[in-house]
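One chain, chain A, appears in both complexes that follow, with chain B as partner in the first and chain C in the second.
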Partner chain A sequence: MSDSKDLLRAPFELAYNYKRSNGPVMSQFFDALGEQKILGTKSSTGKVFSPAAEFDPDTHESLNDLVEVGPGGSVESFSWIEAPQNHHLIKEPFAFALIKLDGADSSMLHMIADCNEADLSIGTRVTAAWSETTTKRITDIKFFTLEK
Partner chain B sequence: MSAEDTPKDYSESPINLEYFYTAGSATTRFLNQVKEGNIVGQGCPKCKAVYVPPRGSCPRCGVATDIEVPLTDKGCIESFTVVHIPIPGNPIVPPYVCAMIRLDGANISFLHLIQDVEIENIRIGMRIQAVWKPKEEWTHSLENIKWFAPIDEPDVDVATLRFEES
Partner chain C sequence: MKRVAIVGYAQHPILKNAGALNEVELIMPVVHQLFNDLGISQQDIDFTCSGSCDYLQGAAFAFVEGLSAIQTNPPIKESHVEMDAAWAMYESMLKIQMGDAETALIYGFGKSSPGDLDAIISLQMDPYYISPLWPDRVSLAALQARVLLDQNVITSEQMLASVIEARANSKNNKNALITDLIDESVYLKNAMVSSPLNKLDCPPISDGSSAMIIASEEKAYEFTDHPIWIEGIDHRIESSNLGSRNLATSNTLQASMNQLNLKNIKFDVAELHTQFSHELPFLKSLLNLQDVPTNLSGGPLVGNVMMCAGLDAIGKTYESLKDNQFTHGLAHATSGPCLQHNMLVHLEAQK
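Now for the complex of A and B:
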C-alpha cells in the first residue's frame, strides 16, 4: 500500500456543451427577458406562475396565458453567500433568494446583490437589475437589488 | 421543426465541472508502470482472476488484489463499435473504432481504439497489439498507447475467454 502522499492526483475538467429546447411556453418567457420583461403563466384558477410554468401543478392543465409580472417583488427566503467561489456569477458577497414577483403567486430563484446581509429579511422589497447585453437567458436578469 | 429553423427555441446550457481526480493506490501502481511502458495487472489471491486496469480488489471474492501480474501488450478484440457521430471536443474524426481489448492473461477487458486496418476487416476475436507513442511522450496515462493494431496471428474464439473459477 502506498502512503496517500504518493497517490497520483491530477486536475480534471468535464464539460458538456448542451443546448436545451425551450418549448412553446418557455420560449416566450425567455424572449421576453430579452426585452427586459418578466412573464408568468396564468391558470384558470387565477394563479400566476413566474418563472412561467407549462402546467398547473394543482389542476394539471396546460398553461398558455402569459402575463407580465414584476420587475419588483419581495424576498420569500434567502441564503447569504459570504465567500463566492469560482463557479458563482457574482464575485462579491451576495444572496441566493426565492423572490415572489409582483403579480405572481410562485417565487423565482435568483440572486440579490449590491447589498449587505443585514439589509435582507423575509419580505424585503427588491427589483430586477438587467444585464448590459441580453441573450434570452435567465441571466438577462443580472440580479435583484434593493428597491429604492 | 429543426434547430436551424427555430434557433430561438434553443438556449445554450453548458455544464462545466472542474475537479481533482485522485487515483487510488491500485491505479497509482498501475499508472506508474504505464509511464514506464509496462502493463501490470493485479491478480486475486483467491480466485486467481487478473484485472487490468486494476481497481485494487476482486469484485467476485471481495479481497484485495495484491498480486502484481505483468502482462503483454498483445491481446484480442472482445467486442467493438464503429463510431460515426462526432463528439464535441473529441479530436478523433469519425468513423473510428472503439473496442474492448482483452489482453493475453487478463480476465477483463478495457476500452481503446483500433487503427491501421480497414473498418470492414475488424472482427471479434481478431489478434491485436498496442502501438505506443514515442517514449519521450509517455505520461501516467493509457494514452501512451496510441491505439491497437492487428497482428498476423490466428483469431481467438472469445467463448474460450470466459473465466472459469478453478
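Now for the complex of A and C:
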C-alpha cells in the first residue's frame, strides 16, 4: 500500500481565466469611463449607440465616430430585484435597467440603486453614479440613481 | 430542397435534481429507447449531432463525455453545437441536404441543478458590457416583460393564464416536472423574483435529455410508415447589443415567418419554447396563433431542460401530429436573452 503522499497530484482551477482585448472602439469607451465620461458611436445615419457599438446592426457599417453622451438618461425598461442573489454586485434591493442616455438612440444595460421600486417607471430620469476607483470597465459606472 | 422527416423522438423524464445520474446516464436511456422503438442501432446512423452547454458542466469540451452514451467504435461522423439541440437538428438537416448523410441522430442534454443557473447564464453574455454586471436570466426576461406590458402588447392576465394553462396541460406530458394545478390566488401570493416576473412566471430548474432521429425521404419509410415531414425551417438572430433591440416585437421572427410563408398555413398545433409566462402571449400574437392550440405539452413552464427544451418543442409538435389527426404543426426554439435568436419549424403529417 502506498501512502497518499505518493499519489500523483495535479492542480485543477475551475476559472474564467480568459484575457480579452477591448479593441479600437471599446478601448476608447473604457478609457473615457476612467475619466467619468460616457461615449457612444455615431453611424452615418446619425444614430448614436451607447455603450459604444463596433457596428450598426441595421446597416452593418463599422462605427468609429465617437461622441459624448449622458451622464443623464431615461429608463426604457427595468426589472426590480427585492432580494439580490449572491452573484449580484448590489446587496440592497435594486433594478437592472435599460437606460437611454441623453444623446444616444440605443440603451445601456446597467443597474439603478438608492431608490425604491415605486420611484421607477418607464421614462424615469436617472444619472450615472461613479465608482470610487476606476478600472476602465463597465463597472466604473457604479450604478444609476434618480436624477435630482 | 430534399425532403427530410422526423422518424422518432424520445424524452427523459424531466427531473428537479438528477443527483448522481451523470450526463451519459441521462442520454443513454433516450437514445436506446429510440433505437429499440425503430429496431435500429448506431450503425444505421450516418451523422450524430448533440447540443449542450459546457458552462453547465463547468469544464471545457465537456460535451465529448456525452459521446460515451453512444457507440463510437467503429468511428462515427459526429458534431456538436454549444446551443439548444434544436440547432443540432438544423445542422443535421444541412448535412442531409448536402448529401453527406441520409440519417441523423440528434440529442440534447442539460443538468442545471448542480450549479447556480442565473450566475452561469450571466457568464455567457457579452463579456465587455453585460457579463461584468451579472444580470440574471430572469431579470433580462423581465425587461422584455415590462416593455410588452407597458405597450399593451400583452396583459398581466395573459401571463397568469400562461402559468395556469401550462400546469393544466402538463397532464399531456408524462415527463413533465411540474404537474400541480394552481389558481389565481396561489399565483398572486408568489414573491417577485425580478419584477414584473414572479417565481411562477419562470421555468423550473430542470435536468434531463432528449433525442430525435431524422431521415431523408428515401430512408424515412424504412424506419416508419408515418414520417412527419420538416416542410420548412428557418432561424435568425438579432443583435447581441440588447439595448439596440426593439423588445416589443421581433423583426427577425417576422422575417422567418415570411420566409416560410406561414400566413398561408392553417396550423393545427404549436409548441413554443417560451420559458417565461409573458413570452407565450407575445409569440402567439406575433405568430398569428391566437386560435391554435399551443403548448399542449405544458411547455417550458412545466419543465425546461437547458439545451434541450427547444428540441423538445419540435419533438412535442412531432408527437402531436403523429398521435392526432393533425396536419400542420409549428415548433419554435429560442436562444439568448429576450428571445434574441429564434428558429421556426413547420412540420407536416403525411396526408
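Methods note: the second predicted complex is superposed on the first by the 134 of 148 C-alpha atoms of A that agree within 3 Å, B and C clash if a C-alpha of one lies under 4 Å from a C-alpha of the other, contacts with A are read in each partner's own complex, and residues count from 1 in each chain.
We adopt the following convention: a residue touches a chain if its C-beta (ideal position, glycine included) is under 8 Å from a C-beta of that chain, and two chains touch if they have at least 3 such contacts.
Nothing here was measured: the structure is a model prediction, and the numbers come from that model.
Could you say whether A:Ile122 touches chain B, chain C, both of them, or neither, answering first, second, both or neither?
second
Looking only at chain A, is it chain B or chain C that touches more of its residues?
More residues of chain A are touched by C.
Once chain A of both complexes is superposed, is A:Phe78 in touch with chain B (first), chain C (second), both, or neither?
second
Which partner does A:Thr133 reach: the first (chain B), the second (chain C), both, or neither?
neither
After lining up the shared chain so the two structures overlap, which partner does A:Ser106 touch, if you call chain B first and chain C second: first, second, both or neither?
After superposition on chain A, A:Ser106 lies in contact with chain C alone.
Considering only the touch criterion stated at the top, classify A:Ala53 as touching first (chain B), second (chain C), both, or neither.
A:Ala53 sits against chain C, while chain B stays out of touch.
Should A:Asn17 be classified as contacting the first partner (chain B), the second (chain C), both, or neither?
Only chain B; A:Asn17 stays clear of chain C.
After the superposition on A, what does A:Asn86 contact: first (chain B), second (chain C), both or neither?
both
Indicate the residue numbers of chain A shared between its chain B interface and its chain C interface, in ascending order.
Residues common to the chain A contacts of chain C and of chain B are 14, 16, 18, 20, 22, 86-87, 137, listed in rising order.
Note which residues of chain C are touching chain A in the complex, please.
Residues in contact with chain A: 58-59, 116, 118-119, 122-123, 127-130, 132-136, 138-140, 142-147, 150, 191-197, 238-239, 241-244, 247.
Which residues of chain A touch chain C in the complex?
These residues of chain A touch chain C: 14, 16, 18, 20, 22, 26, 49, 51, 53, 57, 76-83, 85-89, 96-98, 100, 106-111, 117, 122, 137-139.
Note which residues of chain B are touching chain A in the complex, please.
Touch list, chain B to chain A: 3, 8-25, 27-29, 31-32, 88-89, 140.
Over in the complex, which chain A residues touch chain B? Could you list them?
Residue positions touching the partner: 1-2, 6-23, 27, 30-31, 86-87, 135-137.
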